[in-house]
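Following are the structures in question.
There are two complexes below, and they share chain A, which is joined by chain B in the first and by chain C in the second.
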Partner chain A sequence: MTTAVEQKPNRLRRFDRAAFFQRYGVGLALILLIAFNLAVTPNFATSQTLAVNLTQVCTIVIVGVGMTLVIATGGIDLSVGSLMAIAGALSPMFFTGQLIPLPNLYVGIALGIVIPILIAGMFGLFNGWLITKFSIQPIIATLVLFIAGRGIAQVSTNGDLQVFKVPEFQAIAIGRVLGVPFQVWIMLIIVAVAAFVLHRTVFGRQVLAVGGNEAAARLSGIPVNRIKFLVYMICGMCSGVAGLIVIAMNSAADANLIGLGMELDAIAAVVVGGTLLSGGRATIIGTLLGALVIQLVRYTLLANGVPDPAALVVKAGLIVLAVWLQRQEQA
Partner chain B sequence: MTAITKSFGGVPALSEASLEVMPAEIMALVGQNGAGKSTMIKIINGAYVHDSGTIAFNGAPWTAGSPQQAQRAGISTIFQEINLIGYRSVAENIFLGREPKRSFGLLDWTRMNTQAAALLARFDVNVDVRAPLDRFSTAIQQMVAIARAVSFDARLVIMDEPTSSLDEAEVSVLLRTIQQLKSEGVAVIFVSHKLDELYKVCDRVTIMRDGRTVAVSAMKDISKLQLVASMLGRDLAEVKKKGATAFEGGGSKIGGELLTAEHVSIGHRVHDASLDIRRGEIVGLAGLLGSGRTETARAIFAADRKTSGSIRFDGQTAEYNGPADAIAAGMGYCSEDRKTQGIVPGMSVAENLTLALMPALTRSGMLDEARQREVVERFIKEIGIKCSGPNQKIRELSGGNQQKVLLARWLCMNPKLLILDEPTRGIDVGAKAEIQNLIRRLANEGLGVLMISSELEEIVEGANRVFVLREGRTVAQLDHENITEGDVMHAMAHGHNG
Partner chain C sequence: MGSFRISPSMAVVAVLIILTLLGAWRYDGFLGTYNVQTVLRYNSMFALVALGMCFVIMTGGIDLSVGSVAALSSVVAAHLSHYGLFPGLMGGLCAGLLAGTLNALIITRLKILPFIATLATMLAASGTALLLANNQSVSVSYETYFTNLGQGDLLSFMRPEWVDADDAGILGGVIGFILSFPTPAFIALAAYIAGAIVINHTAFGRHVLAVGGGTEASRLMGLPVDRTIFLVYVISGGMAGMAGVILASQFGAGQPIEGIGWELFAIASVVVGGTLLTGGNGSIGGTLAGALLLGIIFTILNFENGMGWISLSAYWQSVVRGLFLFVVVVLQAKLSRSAQAA
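This part shows the complex of A and B:
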């Protein structure tokens, strides 16, 4: 008994340190990176640099928000990149008038935004259906659309590159409001809404309860299946938004390339941000910061002459570090 | 094996336990949850290493370094969950890891299949050994597992609850197989909670309790009642009625009918369970492990589906689609496994306490934090939850305080019926008394309580009435003045009242 009592404060102190890094580590890393760049990298403190870095992370953060919710329930979604491709490939068909004749351009653009996002959301529901109805592990269930989704996108465009020039649509990515690219505003709004939902609403609490202990959540009357349906749907819709931003930036839709590898970038941002991969604890702001840290590390290395392949190794190192921190806290 | 001691992180699981089996003997090994049976088995088959004590096998000192070594030496274990590969053929499973080979490492399928068929024929099992294992019933799969064990030239076969998922016909086939093993000179250690089976096949019985071997006896020299009594640690001569628990009096304000469950059956596990609960009454549900207590409780709460039978609750037919419906009707359920089915470890005391209440704390989708704080602070004070504050993580609390939070999770819902599965398991003495007092007080205020407990004194002293389950059937109903430990044990052992 006495040894147990003596050990306790010791354990608590170590626990606290791990918790500190868990909580503020990403923000700290971000501040250090910015300070380092201000001192070392030429032309860092320009709005140009800021805009470049922010537009690079926008889609990752938007998908990462959906991914954070999914991971908070203890799941994972590999299909996000393919759903981006579906949304991105479908959208031009509406605003270029390929599918239906347009009464006016703005109706076409509205349809070209709303319908692809809804369709991506429905594919997300399909993920949720596989996972809840047949109790398939999320990694396998979402692998279905990871593979089939891109195929669907390619088939629906005959595999062709769709090039377009519709500035009114492209404004969602490259337009500026108050000097900040419009896509950054979209990202910030999505982050703010999701953070509010996760931490202030009953839905958010239930998401965390499902991830924290599914059996207990079920026995407490929480509609576990409905929660899962919803998070996969939201994740699908976030992917849809990201897909539209990608094609608007490129003024072209290539079903082969939109969102390629996005699932891994998004998961990396979530993990580095401090969300627990096993579910039950999640932070949307962390995901935003996680994506920024990954991006800024890469930028720092590139701007200082380190080749990109080497930057990838550093990115992998960051993920290992984040996972290690998580293990520390759990131990 | 003699004087085996094994501790996990300072907590002793076995203290000076012993077990002895003769060749061609079937030894029953019985005990409550946590008595140390599994630890004992795992030491014999090499999964654990004992801290002290000696083991001899075939007359020579013996330590199994690993389950593989034990198997090669002639000790085979067959677990409750069959650990074979369902989609491989029967023959492949029997020879898994030492398939007969021809030159160049090719498999000798013909020899493998004929040998497998011959092995199974010894146990009167005639199946197509080339068919995938999962095509066959659980009983056949058990038989295949036994055949695999025997094919290692096993001298000792350990069976851990092999019959728990079998139906009656399958059980009798399995028991025949065990006798076949015995006639071939193989020793068997047979773990089961079904007393009838033990009496059918076993020669002797070793009874364990709290990590010790408390009795060894020839099966024919011990009555079922004596067996149950020593499993539970009760001396038949001095069975007492009062004093060991904190339950007090009560039962004066018992009201009308609250819940009636009739002829409930759930798959193989529960065949005909019936019980009823009145308002303000504590009803105990007793039975040995595997008697279907938890299953019955979960079916009432709609956490599992019943196969047949009817349940009425609060004047209405209770056909619920899931716990959410049961909760809406006014039930609460504290599961026996606090850790895996009760607490959400990463969440705070407050979040855990209001987990089921959340819908009521919602104002247009948002959590009413002020009301949450109010509710949480009230219950922390009312039932004395010791924590640094509502925001402390629940996993940092002691077991007793975690249990209080889980009780509060339901009490804040104002339920009509509370189902408590092992409400005081793994809780220190002080907290135990507090929780027992609380349950009594709540019942006096009109709450109906269904209490499952393996601790006999809790049932005997706490309950106004007791239903006893045995092998999935309600075999006895005891009223207040008749509730004695002797009566309850008698019903658990024999299936009827004294």
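This part shows the complex of A and C:
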């Protein structure tokens, strides 16, 4: 919520360093990183580098969009990685014709895309049901599917690696439109739609209202439970999309590995992007930039000979710094 | 008031006993030395991590870093095991305590939410573990008795011959049973007894529960809130460190990539054991039962498969564990709601 600014308009004129970093910090960090790389890293300004970095963040951003909406309501979703595994494990069963005989390949691909995403959405609804119906804290409610979800994916494939070669399906990840990988387009569309919904629609305002002050939102007639149901469902569907992209990229589905640790990557992107963990203020573009910053830091370190594990330590520092800056502004 | 209430932690102990009895009745060798040793040896690591988590959760916090801290400690312990058992043990423990201190500092000094602070420490510990281990597992020394910590059976030297005789009777059976416990189980047991004493009989224990019940109220009452919060994260780090030492010792190698998901398993154990995630109450014994319950599900599945009636892959264990967590949290929610209504 922006109450602090509205109450004291004269603060706008003075330069507020903390607020400035809070608002533009991520974008600034991104610009600095790009400038640094242009100066130091060889072959940085190539479309190759751009494509590599973008494909690395695609799934994180897509899941991060769902996570941003969930966190905007003051919740959290730990089950995203497991839901990715479920969607990714189920999809090949449809387009390889394992489950049902197919009239033609494209029907199979359509089923293999739509049904897993819907199922992931249903599991998201299950999260919402636990959270609203039983008033269970989101972190525990989604822990159920974090544990059971990957098990469901593994059981349904017997833990086996499903290898496939269906270029028509794999196009959703590695096909190119205007020279840009298709998954990047998917990511951009999801980001654009979500940003529009969050900032320009009634639903978006309601999401933020629920996170800002749930009791007040309820009293003012906002359907709090329905909003929560919806954000967890959307988060589940985003995870489903990300799961499909992962298997399309690898041309194989491994229920043990799809989306492993994704919950933490997505939360990190959201937090670095400037969304408040306590809910009430959220930015989808911030999440995109947050994911890009984390990725670019990693790329910069790797490209300059720093080992990958060291990048993890830097990422940890980034997260603490981002949240600490948030706190400075609130204080 | 006055009526008898079944507390959630008593319920989970009861379920654990019922499952154990069921297993003993249904499967041959369920309570046999080999099976008991395997179950306890492996699950004592999780039990230790869950104990530390229980302290943290009782203050209303959370510690996501325990898994990678255990991995880091296992690497440090493996490196130092070449200098002897004691350096290995202390090195691993200190690595855990240090990581816990880092968590505590970020949370109490920078005032950052435990969820985020420990998430960052998780990444940092994981990165450090990989750096120290050079991206591969680090083998421990087999010449310094270090492996006894995880692989040995502490009291096996005391085992009198008569308990293995055919006419040893129930007493002999029970004594033999207890003497066959593996070393890690004794470490975990000692930690749990100490933990229960600390929570129930020390000022610090009361502070932990008071802070979880209401941080602001505790502060106004003049309790050392920050110091209490500081200490629980150090304890949690220490427990994760000990688990890491056992991990290295048990598998003969420091494992920089182990520990993924341990934190959530530990949280599940604590919650299944009847501790509310909102803090302010909790049960050390319930946490132990919760950890054992989640561990024993795997064994029961294994034995059930061995009977040949059903054939469930090992993957079902996570589904069953998730179901358990589901049932417990829903029951807890209903219980606390009816308690509010009453």
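We adopt the following convention: the second predicted complex is superposed on the first by the 316 of 331 C-alpha atoms of A that agree within 3 Å, B and C clash if a C-alpha of one lies under 4 Å from a C-alpha of the other, contacts with A are read in each partner's own complex, and residues count from 1 in each chain.
In this text, a residue touches a chain if its C-beta (ideal position, glycine included) is under 8 Å from a C-beta of that chain, and two chains touch if they have at least 3 such contacts.
Note that the structure is a prediction, hence the values are computed from the model and not measured.
Student: With both complexes superposed on chain A, which partner does A:237 reach: first (chain B), second (chain C), both or neither?
Tutor: neither
Student: With the two complexes superposed on chain A, say which partner A:217 touches: chain B (first), chain C (second), both, or neither.
Tutor: first
Student: Does the superposition put A:258 against chain B (first), chain C (second), both, or neither?
Tutor: The answer is neither, since A:258 touches no partner chain.
Student: With the two complexes superposed on chain A, say which partner A:201 touches: chain B (first), chain C (second), both, or neither.
Tutor: Touch partner of A:201: chain B, not chain C.
Student: On chain A, which partner's contacts cover more residues, chain B's or chain C's?
Tutor: On the superposition, C touches more of the residues of chain A.
Student: Can you check the complex and tell me which residues of chain C touch chain A?
Tutor: 62, 64, 106, 110-113, 115-117, 119-124, 126-131, 135, 260, 264-265, 267-268, 271, 277-278, 313-323, 325-326, 329-330, 333-334, 337
Student: Which residues of chain B touch chain A in their complex?
Tutor: 10, 301, 303, 322-324, 326-328, 333, 335, 340-347, 351, 355-356, 358-359, 361-362, 365-367, 409
Student: State the interface residues of chain A toward chain C in the complex, per the touch definition above.
Tutor: Result: residues 76, 78, 130, 134-137, 139-141, 143-152, 154-155, 158-159, 260-261, 264, 267-268, 271, 277, 307-313, 315-317, 319-320, 323-324, 327 of chain A touch chain C.
Student: Using the touch definition from the top, list the residues of chain A that touch chain B in their complex.
Tutor: Answer in residue numbers: 4, 200-203, 205-206, 208-209, 212-213, 215-223, 276, 280-281.
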